[in-house]
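Note that chain A is present in both complexes that follow, paired respectively with chain B and with chain C.
Take a look at the complex of A and B:
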């Protein structure tokens, strides 16, 4: 098992810094999920740890040893790229046993491991198939099984569930997490899916333009994000400009004629950017007078199963998105007047971004 | 206004049966989602309904007229594909008005149609841009505009959002449903994403292994799936296997391993019946005391899901259940808890002959 450390790792592609002086320590046995928009440097980070790219500056350490100049095969890492990189002339089974065979494992132990991994990804019945006979999702699962069967000390997964059907993705994500928790492999998992990130991660790292914006336990990054960008990347947000004034132990927020109370945050007062997650917004009948929030009319309603997604047009704050649990929000129909609840503990405050909100949230 | 019917539609490729006697009626102006895992036959069905493929057996009717064998280009429909197919060298306007333009409609008509459809998808301002300059979501909007521009009343949507990023996908769901309803179209939308199917469609058709498993309104399908496969595929569920120990009026008492029992609503259950109970993670609660309809267990793990958290509890029946709670509630692994089963949230199914795993399997 191994600890992974990036020290001021910098990778240049021409004039662009694909990875910009990233400092990151991933503890032994930790499951780190890296989130970020396309082109943020997520894959570059994985490839640098795998040894497929040498950083232009900085160092990479595995268990304290400097591996910056070491070849990929000299490192105890298994890498599952987005392109799967399966051996096309080998069957699913032969792909899965490839690494353990190279390592000279006894057949019995090797077969046991490969069988277990192929079962986990629901491919054991296709063990004799060649990659080209499989769907894209199956190829991805085969690649995942091969990476898991490599029994490496560090597992690097690049969007490992992306090509899968929505339902299977949920199933494999649960199983992947249980498995890795059980085996204790240090894992770096790149995704753009925030739900997947929250579900899997011990810690989440958010990258943008090659820079590490924030890293922390999933709950902290979700409930107290350092910037509007990170907040928005981890779940749909409502943002509005407000004026904050201290009021007793709390803060009074005035925005668009609406008065709200928020908890003090980072000493912010005056003009601020306030935000609340759509799923933190409750919904109540229009004449509701308990709790705080804003009145409006439901413009759009989508049933999503567990939750209902509502867009409420409010005179004070414009369109507000709320995603209550279905049991609590299913009564709200389009055209209905409602009260959107905005609990103080869920209101997040940020300094007003100098370039405006849109620029601060831009993903490309 | 088209009403589309599949009557006993079967499709074989060599020895493989991709579709097995599918019967389906899609009402005029209805938005139907066709949902199922990879390889379930949903794409085959939509290709046969639209005339891209011919069925091996069975017929396709549109407004009561047999159109089996009529090729897609002779049908009055718009088609949107998963892989965005725009002409890269034509701007947004040319792409959107391609249909009326090749049909040499009068200039004024082309102008009017182009304006209307680009306005519908909110892309009129980008009329001069080229596909390469647009995001995936915007490109797919243009593809949709182009499909609408021939003024067909039947819209076929073949995984139209699957290639797009999560955020964009959510936004386009609204747009699709709004446009279909505003124009009064009949729409058939194929997807593997259960949330997408539920949020866009009036009715969702669930498919598995070439057959239609069941069809229903999204909320009915989620709350009261008729079939175990649907219960698992549409949203997540906990399943518990047991047998009926006794019945009292409209209730049955189901026994699990180690002698634990729950009271469940009884749709005519008999003593000794093997059953499967389904309860959604959000339909369970943790309570302090052991009264009422509860099963004891121990907290085995916890996953953060944002506004909610998922608690994994190993029941003393040896089943593991997922319980979704607000994230604010704190609970430590290893703690003994009581899981409360509200009877109203429990669905009861006869235990499938081939076993539970087989009934749930995604492929």
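Take a look at the complex of A and C:
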């Protein structure tokens, strides 16, 4: 179990900076999820820690030791790629014992570890099967068992659930986390799925264009994100410009003729960018006023299973998206007049981005 | 790092096993060291350059540095000089013509094989490859018997088997008919391989958009074909240029190329090399050695130039006509036209390839034995062929696999690309010319002159080496790099990664390369005779039989050879099946 540190790690592919001077410290035994859009540099980060890419500048430290120039096979870091990369000519068992085998472990010790890992992932009955005979979920578990049996200091998972269908993904999410917790290895898990990230992580690191935007405990990053991009990436946001003035213990926000109260954040006053998550918005009939918000007309209504997605056109704040739970919002129909509730505790404030809101939210 | 047992452990591991594991680990450490790997690759490069590349190209240097000798002995001799031009013309002219015909006739056939499913498809596949089982000399005999008017040195007239067409004695036409049989399977295979890769989805998309089948194929599929077509053409041209046994046998049979017959001065390039090599054994005629060098150098230089031109043209050539003629092409795509086209393709296959290839078998039935086959000589030749082929293949594997790794996985990328190109040189160069060059190379340095047999083996190593390398390179390039990367992160050193992960995946390609190298060696005439006039391999035996007029014996020998090859392939297949079932 080791602490992983990236110190101003920089990786260039031609003119592009895949990793742009990233400083990151992952504690011993921590489960860190690196979240970001496609092309953000997440895989590059993993490969740099694994030793498959050498950073052009900066250092990688494992347990305090500088491993920047060390070969992957020396590093004690196990890497589980997106495609699982199971050795297709070897059985499940042979895949599992691969790492201790090549490291020269005595047979008994090797078998013990492999058996333990395969039992943990519930694949011990299929030990003689070849990878092509396994289902997607089983292949994932086999790849995980093989990585765990490497007895490595750090576990690197590259979108481990991506290749699975939606239902399996949710099922295995929990299993994955509890298995790794049981072993206690420092883990870096890369994904673009924010729900997955929020659910599994001790801490989340948000990456964009090779730069680390924010690192912190999942709940903190979710409820108090540092930037509009992170806020939006973790759950669709409604943004609007407002003027904030202190008012007693809180802040008065004035935007487009609407008055809202918000909690003080980051010491911001004056012209600010305010935002609220669509999921945090409630929906009430037009004449019901138990709470603050804006009134408007439902322009589009989409049933999404657990939630209802409503696009509400409001004279005060323009188009607003609300995603109440179906049980609470199913009554609202297209064309109906509604009141969008915006509780004060869910209003987030950010400094106005210089390039405009659209640029700040761009994913590419 | 976990403690490793080096004494009696809880499981009762013996100290001996511990010591052995220790030694193995230390060996692994040494072998994985950067310095060791570098030394290994340096040795490999030295092997390739000194044993394969330099001997192949040496004759070019010989001609330039020994120009004085050529000026004195060869140029003043009109017979010699006058023979070279027409010979090169014949070789290259036939090769290019045959390539063109192969392409036109091979395309519809390849299409049928890939796009259509019909009963007996497996049979058709095997049949198309069947001429490859016959030595080129046997094909030469067969082709002359079928298409040509045979001539015998003894002066007696030869009665060809019934069904012979007896159309012509023209050297160009006979060689053309011959090389259609030696090269057609290669063209069909190359085209089929590419067609299989081009997804039919593109064509379907075009047709769904309203294009007729012909238009879709012409404007969408065919352009995707381009680089593969170039490869097919290069393969075919190299094969046609290189063939010695077939040309020499066929030309001899129509009274050409040193047979003493009516057109004894007419030769193609490799035939000329064969003819002059025999004459150069005479110490009183020293002019033949520089003459051979000159012809070989010219053939090598021209083949390499042709290769470069073809590659360049393949990149730049655009299929003409973006224009579409919906009416005409639509009509050509429907109804009887495609059927007629398919029939024509099959007709070509049967009439121009299959029948002429196996026509000689009839001779075994109706011919009259002059003396009966010398079976001791036959089995001796089989032994020599298998020995040469076996050793050459073994060396090919030992050096070729590491070479393929160096090309695909080496750190110095430009070196890998350079080697990838250079490895093709012994393949492109006509093998008879290669043999001359190699012989001159080793005879030139005084300290260690290898025996004739060793020289033959070295020549065979040189031109079969590319088969192994190209096959393994292809397989390595297809391998998912994630497999090797994952293995490394799991702790496997490079050698372990190769042995446990890479090798099992490329094993089929290695086997395929080995089989190709072996069969190519066994079928080779040119490289053998141009190095040594005494080493008798099977193809040499058959050429000799044919040129001495013993057609019956040659047919019997060829049939016996077919039986031996068939048995060998069957045996190999059984061994592979058994191992697969066990493993």
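Basically, the second predicted complex is superposed on the first by the 308 of 364 C-alpha atoms of A that agree within 3 Å, B and C clash if a C-alpha of one lies under 4 Å from a C-alpha of the other, contacts with A are read in each partner's own complex, and residues count from 1 in each chain.
As a convention for this text, a residue touches a chain if its C-beta (ideal position, glycine included) is under 8 Å from a C-beta of that chain, and two chains touch if they have at least 3 such contacts.
Note that the structure is predicted; figures quoted are calculated from it, not measured.
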Partner chain(s) touched by A:50 [first = chain B, second = chain C, both, neither]: second
Partner chain in contact with A:306 - chain B first, chain C second, else both or neither: first
Contacts of A:103 with chain B and chain C, given as first, second, both or neither: second
Which superposed partner A:167 touches (first chain B, second chain C, both, neither): first
Partner chain(s) touched by A:263 [first = chain B, second = chain C, both, neither]: neither
First (chain B), second (chain C), both or neither touched by A:78: second
Chain B to chain A touching residues, read off their complex: 37-39, 135, 165-167, 170, 173-174, 177-178, 192-196, 198-200, 218-219, 222, 232-236, 280, 282, 301, 303-308, 310, 324, 327, 362-363
Interface residues, chain A side, partner chain B - complex: 122, 135, 137, 165-168, 170-171, 177, 181, 192-195, 198-199, 218-219, 222-223, 234-236, 277, 279-280, 300, 302-306, 309, 311, 325-327, 330, 364
Chain C - residues contacting chain A, complex: 2, 4-5, 9-11, 13, 21, 24-25, 480, 482-483, 485-494, 496, 500-501, 504-505
Sites on chain A touched by chain C in the complex: 50-52, 71-73, 75-81, 83, 85, 87-89, 98-99, 102-109, 146-147, 150-151, 156
